[in-house]
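Listed after this line are the structures, all set down as structure tokens.
Okay, so chain A shows up in both of these, paired with chain B first and chain C after.
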Partner chain A sequence: MDPKIKMDALYVPSPDVVAREIEGELILVPITSGIGDLEDELFTLNETGRDIWEKMDGKRSPRAIAAELAAEYSAVPGEIEEDVRGLLEELLKRRIVVEGGGR
Partner chain B sequence: MSKAAAGKPGLRVVRGGELSLSGESLLDLLEAVLAKGVPFRFRARGFSMSPLIKDGDVLTVAPRGEARLRPGDTVTFINPLNRKPAVHRIIRLDRGFVVVKGDNVAEPDGLVPERDVLGIVTSVERRGKKVRFGLGAEGRLIAFFSSRGLFRLPLSAAKRIFRPAPRGMAGMKKSYVTGRRLPDIPLWEKMREKRGLISFDYEITARCNLNCRHCYINLPAGDQEAKKRELSLHEIERIADEAVSLGAVWCLLSGGEPLLREDFREIYLMLKKKGLLLSVFTNATLISDEHVRLFKEYPPRGIEVTVYGVTEATYEKVTRKPGSFRAFRKGLDFLLESGLKVRLKTMGLRTNIAELPEIAAFCRERTKDFFRFDPFLNLRFDRDEARNEDIRSERLSPEEIVALEKSDRERFHALEKNCDKLIVPEFERLTCGHLLHCGAGLRNFALGYEGTFRLCSSLWHQDCVMNLREAGLRDAWEILVPQVREMESGRKDFLERCRVCSLVNLCLWCAANAYLETGELDKPVEYFCRVAHARESAIRKT
Partner chain C sequence: MPVKSPYARKVRASSSSLWRRKGPRLVRLDVELTERCNNDCIHCYINLPANDEKARGRELSAAEIKRILGEAADLGCLTVRFTGGEPLLRPDFEEIYVAARNLGMGAVLFTNACLLNPKLADLLKRIPPLRRIEVSVYGMTRASYERVSRAKGSFKSAWRGIRLLQDRGIPFIVKGALLPPNKEERPDFENWTSSIPWMDGPPSYSMFYDLHCRRDREKSRSIARLRIDPKEAARELAGNPRKRAGFMEFVSKFSEAPGNDLFTCGAGSKTACLDAYGILYPCIMLRSPGAAYDLRNGSLKEALDGHFSRLREKKASRPEYLERCARCFLKGLCEQCPARSWIENGALDLPVEYFCDVAHALARELGLLEPGEQGWEIADGEERVGGRTNPAKKGNLHGRAEKECPGT
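Here is the complex of A and B:
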């Protein structure tokens, strides 16, 4: 059963993942076992994914992030919210983000 | 920073950066050859035409003849600034002149009279294979974009790959995260376009609990002096931070025996938490419950273990340490039973040659995807002559090496398949004096236990190293490496024998090994020569 995202909760990058920028690309490197399916699996985010990732600071909820992005991209809020939810669900499932924050 | 410049006689440093042809009289030669209507082949240096032409590629230049020059042509021309031949692309024609520019540089070289365009590059070969991109119709497109400062091929290509790809069939839920195996990361493609740090090898200690006869770096485990010289956790962290900021993704931890360090766990975790992918080379004899737990929780990208023998007698004849065979078997079983990814390999030695088939079988039984043996033994990093004698006595004869390679069907087929590329008669026309034609220092470096930066793990010559306790990694990477890569030899027997040898791809010779063998970077090595010729006759016979 895949984890469900609560749109008003707070999420932060997992301490078990190191985000690195190499050659202008965001690369997520898992440092503990069980995150990638294989030992040498890394993750990359596309530009939209990266925008969401960078806003995930433990102070903004998914809903707030979606609202900000909707303003930046001048897109339909509902659509962006769906994208934020989709990305976060996948990140949560892989333990790349965890619930928490409010720091 | 004139370390390299002050080197031994016969070595000199020339300015790098531009893709200029090497050799003082090359221009004369080039003009003379092309005037006869014969194509000219040479090895390119520099990065200004990347990605089409990379440092070390072999170019063929056809004479211009009556052909009309066109924007997009990659040409050799006489650089108006220094009257030296160079290779760049024509981006514009301008009434009897051409405007040329390197694909990878911001500014054009200026106007070059058409008569100073000597020839057109018709083929680019990299490691024996032809590179197609950018010489045909795409060349014109590149010229078009290049003239507008818009040539950004690697970037746009990478972006396309980074876009979210719907997973599975159309209409199914789209995926937002791309999980990739390391070799598939498009970043590699991107980094291939230029010199940039990807990985480094770090010998965290030179000490080892074994005392292998053939080893080039094993000081006694209890050597307190050597232990004192080892980098501290803090020093390692400073260098690692710099390496990571330069882009390093991968780090190999080796030794000596890395697990001998009491703070191995701290070093490992510190590097891991910087987002480095770690591989570990170990003899497995010290593997404990704690190591297994560490590796299970924070998986290395790989663990490699060398199998010196599969009987106690052979193993311990190599390692000269009673009890080591039992410790090795126990440690290896420990790793394998816990499901960690282990790769096994061996060295072809005088002491274990009779057992090599059994060793190969032992390895293949336990690791399906990987097994390799290495018949070449490096001499000591410290040039310890007594220990070098041990190593030489473990070396196999050229005939034995060839017989081994022939018996390894996969390996020999690979050799056979590449046969006409392994022997390259064109090399006989090389006039380049550069010592390094390999990839040393282009994407990786080696770090010694006491902080010695090297371009590769074997290149120990004092003109080619830097102490990272006194200097920053960035200085080593950005100043030392280009200087070393520009080192040239004027030595007659090197230029007339090794540099123009068609067997260079079969030969163990390189400047680093030459130094370890002879004390000089550009001296031929008889043993290597014999191995290369033995390989040649084996290939020609089949």
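Here is the complex of A and C:
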């Protein structure tokens, strides 16, 4: 079963992933095995995904990230929360993010 | 496993769809970690003895290589291709490999697999290269393999190394070399390669054999004797309807004569090759002194934006080239390029007779030329190939399939 995001927990990028900004793309490159599905698979995030990624600093919970984004985008907080949850669950099940933080 | 979130997508590193804009300044860096090799293959142009202390003493240190890899990463490079010689001869290979991966680059490893050991295989499993390892295999029996490699015990070592990869499920592909000692084993070889899950199809074969790229005449002469006959090459490349159809589709797009443009591939533009001693070249093959850029006294960015950029603007001027290659509608079928021209003739812009013969034999096999016709004399080349050349996509066989050209 896929892991679920806890909206009040803290998450950080996995130390086994390198995030690279190249030509305007944020590219997540797995370093250790078991992160992608194929041998040469990378992940990229669009601008909204990147905003979520950059706020995921181990100090802000998914709920706090969603609240900040809702204010920045003038959006409905509930919808943004679902978007944050959806992205983080995708990243969590691939071990691109891990639970932790409090740094 | 699909990505459900609209904010993330997964893409293969080799896919051009990764980029919404023009892509990174440097797509791939080739790194010749050493010119030394544990084998002494009869067809190889870069195999100094493994114990060549003079060569070893001149090689870049791991620290220097890591500095250059850092520059490559800063230029957006996503792939580093470790080659040699045999890259695993370096005792610091693991350190260099891990550094590249920690910079967020995928690694292609060209190897004969002989020097793989359980510790290194475990590392490749734990920190995967993200690209398939490319293993050259020279024979299916000890006798044939070692007649090519000229290294006692290499057959056993190579198969032990391959088993280390297989046992761990580390993705690799196998490449062959069609040579007199192993030609007869081809069915056995292909039967075996068909069982390797990461192969996309039959193995690719070296058969044209590039001569010594620093123009060692004695070495070049011995390599040239191993080259496949042009007519046999044509049958090999286009000898059945499926292969012919593939070639015809290709030439219908790339039949345009190049005019006086010298560089029609990406060498020195999006890719470059670092030799074992710190000199950067536009590609693995091109070793003319004028193409060299010393990275011990400069930067990758300066090399790409300055030296190589100026080099790529050079135009062909020699009459033989302008009379033949510049006007030839078969240029897309021809392996002639500035690197091979320099290797074989000592100048960037001369026809290479062997590759010209191969291209013409191939064109006759495809029905594009009548006996006695020369490609540069044909005025209706575009009609013959039944296509329309896309001027934005000039290219040749090198651009068709990366693995067919070691240079780009």
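Throughout what follows, the second predicted complex is superposed on the first by the 103 of 103 C-alpha atoms of A that agree within 3 Å, B and C clash if a C-alpha of one lies under 4 Å from a C-alpha of the other, contacts with A are read in each partner's own complex, and residues count from 1 in each chain.
Criterion: a contact is a pair of C-beta atoms (placed from the backbone, for glycine too) under 8 Å apart; a residue touches a chain by one contact, two chains touch by 3 or more.
These numbers were taken from a predicted model, which means no experiment stands behind them.
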Which superposed partner A:Gly49 touches (first chain B, second chain C, both, neither): both
First, second, both or neither for A:Gly78, with chain B first and chain C second: neither
Overlapping contact positions on chain A, where the chain C interface meets the chain B interface: 18-20, 22-25, 27, 29, 31-33, 36-46, 48-49, 83, 86-87, 90-91, 94
Residues of chain B that touch chain A when the two form their complex: 155, 158, 162-164, 173-182, 185-187, 190-191, 196, 244, 247, 249, 272-277, 296-302, 341
Residue ranges of chain A touching chain B (in the complex, touch as defined): 18-20, 22-25, 27, 29, 31-33, 36-49, 83, 86-87, 90-91, 94, 96
Complex interface listing, chain C residues touching chain A: 1, 3-14, 18-24, 73, 76, 78, 101-106, 125-132, 171, 198
Residues of chain A touching chain C in the complex: 18-20, 22-25, 27, 29-33, 36-46, 48-49, 52, 83, 86-87, 89-91, 94
